[in-house]
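Each of the next two complexes has chain A plus one more chain, namely chain B in the first and chain C in the second.
Presenting the complex of A and B:
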């Protein structure tokens, strides 16, 4: 496994049965250690199906997924694959297993047989990382959706994974919850944890190192966010948005032909406009 | 909240009570405490006053924990006021059950999570579930289900026999919405109607909601933290913070006011943010642009002017 990326998807195919199209029709994808990859695509493009392949929740009907060289089709690897790649889903409620926050986070590592003192240290570290340590005695159902998602992330972090997959984990959160999670993701990358985020929010995808665009179960574009968003026409035909800053830049360019469009934030657009107004 | 702001808000609330004639929904000085009498007791609503007039689209914005979700449970009598008043089309929502059936029929609530609301195996049965309880004749029932499904963009013949577990997230959301619409409410309350949907589906749902209002005179109460969505849909907004209304008015006014959102950690729509920042840098653009189109036109004009 030397030199191989953390996760390798090789021509992954998957169908949910029945006569319909394949949900995934030959997807190849690599995720390196510490990398942040965003996967975008319209509803029904196969994003969540792909996400569930990354830690063996689903197994390809053709092609292969390898996590640190371990083939997800081999049941002998399931346990260590799930330890390596953790998943956080859209619905926080479906991920809570215990009646108290602290126990919920301890559930995973406890099942791994992590001894008591270390278990406590891991739980504390994970809850402090997501800034939920003060809520450790609370019943999860009394938390807000954003707080629940942070606990769900802590529960995954307590497993010390090399990669966290966020499957639309922010889509039910408010802007503050999203911003909190965005900061968490940045923190994870600083500590070397890879992040794969599946999202409908283009400004969230803009924060990734790389964007993979999925449509009808295949990869139709892949590259750094600025390059992917520069092809606005293609995204529009897929029913996808631009980040608002990029959309505004394209609108300005309609009247100011040399206005740059590779802009992705309020700061960038304000600087670009102010710079031009001054010159 | 500072004392002066609280006083201003209270004064605003009093003024609003005074001019609430003709409102379909009156919420007056409503208070709510969760888990009262336990160590977890938390005041979720602190004297909320709001009104919804027939045919308008009212936006309710605020962070998680601001009281939005608690408030909407009062609008159709899922919660009953212990302190304050809720009156829906003349029916007082109170301790007694008098009028509560009428209130639930008048006000339909579509909650955020469609998985909590869709429970029948087949789409058509799920949409029919509510109106069936009303004891309608088979033809009337079928007509209502067909109308509701078509209104949300689920063609009746193609979808009535589809298994709900095969639906995409967007279709599931539309099924839940159709189930509420099939009750023919006068007011539709939507909690985050488009969160989690892809951009194209989001746009589709928004346009269908506006069509329902235009064609069928439906009154909409939209709870959302998507400011761009509220900016595009709402006639008036209420900003909720820590269980109190801290600002209200037309979105263009509220979003351009520096004191209406920022102190509560809320951000205006993206185009407004850009224009406000540009004005602070001395670039003459309008400060109340709500859409990409408005902001783009203003910025392009300012840039041409500068040359």
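Presenting the complex of A and C:
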């Protein structure tokens, strides 16, 4: 198994039945340990369908998905795959099972049969990581949407996954909730957890190591954020935005033809402008 | 009280965090004792007996250190139902219910006999007693304790294929979603009201209230179904495969003194059954 990435998708095809096209038409994707991959694409392009293949919630009708070498089609591996790849969903209200925060965080490891003293240690560690330990005896409806999503992350962390998939986990949050979640993702990567984040926000995607662009169930582009965003024409035909700073760089280039466009933050733009002013 | 905040004021199903004998009681003992008290309510048809039961209900409020005003406010939403019930009984029973009973009031075809009057009082009293007992129960019992108690009490019946864990989980999820759905209903009501729908007004006009709540009920049910479907996926993603092989985060431990409450409730039930109350 050494050398094989954490998650390998090989020519994954999937259709929801009924007439019409396949939701996924042969997607190949690799996620290495500790890597941060962002998946972007228009609505209905198959992002959620792909995400659900990564932990065996859906099984490919052709092709294969392997997690740490385990084929997701083999039911004997289901539990172990779900432990390895955790998932956080979009809606903050439909992920909490229990009536208080700590019981909810315990739900995953309980399912894995983790013995009790360790269970308590894990719940505490996970809630402290997302800074929600003080809220451990609160019922979910007294939390803000951002706090609920942090609890959802803790609930996954308590299972000690090697990878966390976030399926538009920030799309229903306010800017502050988004910023909190962004910091958490950065923290996860520091501790070596791989992150696959599906997002509509290009600023979020820009923070990844690699961006995969899906359209109509196929991968149409893949590479480091700078490279993907530099091809603004293709993104525009898909109806996707650029990060605000990159968009600004493109507009400056309309005035100054050789202005660089592979810029992703305001600081980089300031540096580029300052560099030109100096020369 | 704001018209739209009615739903929040339902005290049944909410926990009141104070320290009392009832709060500390082992949930298993509390469930059994509550069943015995409810049986006493069910099998006591006399006026005097119901007076005792009402007094008993108030004693429970005191024993749970629940502020009386708070407990009574929880009964408020039931008042329209009680009035409705009483009116129906007064108007429609007439002479059919116990024809030997003397007539105390007559107006056109509406006849009220002594027996019907007694029936009205006793059924209202029973209703209030039941509400009082259940609200004291829920105000003094955390939902986690409730479900642990149910699971633990049903475990001996697992051999008879009673799905103890699954039933407890169903209760947990139902309780967990009550406030979520109430808040969503509130949101929908406000949204409809802001578009000119007249939802407020007299609380007593049932028919128009029911008719007017349809535009809220339909989206609310849709919302509930969607959240429910998502919850199933989220539970699966957290390696839930049913009760087998799970460990438990919280384990109940009872003191011998807890079972005294069951004994007291049994004595109370026996006393109510055997006491020579005038019929």
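Keep this in mind: the second predicted complex is superposed on the first by the 277 of 279 C-alpha atoms of A that agree within 3 Å, B and C clash if a C-alpha of one lies under 4 Å from a C-alpha of the other, contacts with A are read in each partner's own complex, and residues count from 1 in each chain.
The rule is short, and it goes like this: a residue touches a chain if its C-beta (ideal position, glycine included) is under 8 Å from a C-beta of that chain, and two chains touch if they have at least 3 such contacts.
The model shown is predicted, which means the values in this text are computed figures rather than measured ones.
Annotation for the three-chain superposition on chain A: chain B and chain C clash. Residue contacts after overlaying the shared chain place A:5 against neither chain B nor chain C.
By the document's definition of touching, of the two partners only chain C reaches A:89; chain B does not. In the superposition on chain A, contact of A:25 is made with neither chain B nor chain C. Judged by the touch definition given at the top, the superposed model places A:120 against chain C, while chain B stays out of reach.
Looking at the shared chain after the overlay, A:60 reaches neither chain B nor chain C. Of the two partner chains, chain C is the only one touched by A:110; chain B is not.
In the superposed model, A:240 makes contact with chain B only, not with chain C.
Using the contact criterion defined above for the overlaid structures, shared-chain residue A:102 touches chain C, although it does not reach chain B. In the three-chain superposition model, chain A touches both chain B and chain C at residues 91. Of all the residues in chain A, the ones that touch chain B in their complex are 41-44, 90-91, 138, 142, 144-146, 168, 171-177, 200, 202, 239-241, 244-245, 247-248, 251-252, 254-256, 259, 266, 269-270, 273-274, 276-278. Interface residues of chain B facing chain A in the complex, by the touch rule stated above, are 40, 63-65, 112-113, 115, 168-170, 192, 195-201, 225, 227-228, 265-267, 270-271, 273-274, 277-278, 281, 283, 292-293, 295-297, 299-304, 306. By the touch criterion stated above, chain C contacts chain A in their complex at residues 142-144, 147, 169, 172-173, 175-176, 179-180, 183, 226-228, 230-231, 233-241, 245-251.
Listing the residues of chain A that touch chain C in their complex gives 52, 55, 57, 78-79, 82-83, 86-87, 89, 91, 93-100, 102-103, 106-116, 119-120, 123, 139-141, 155-156, 159.
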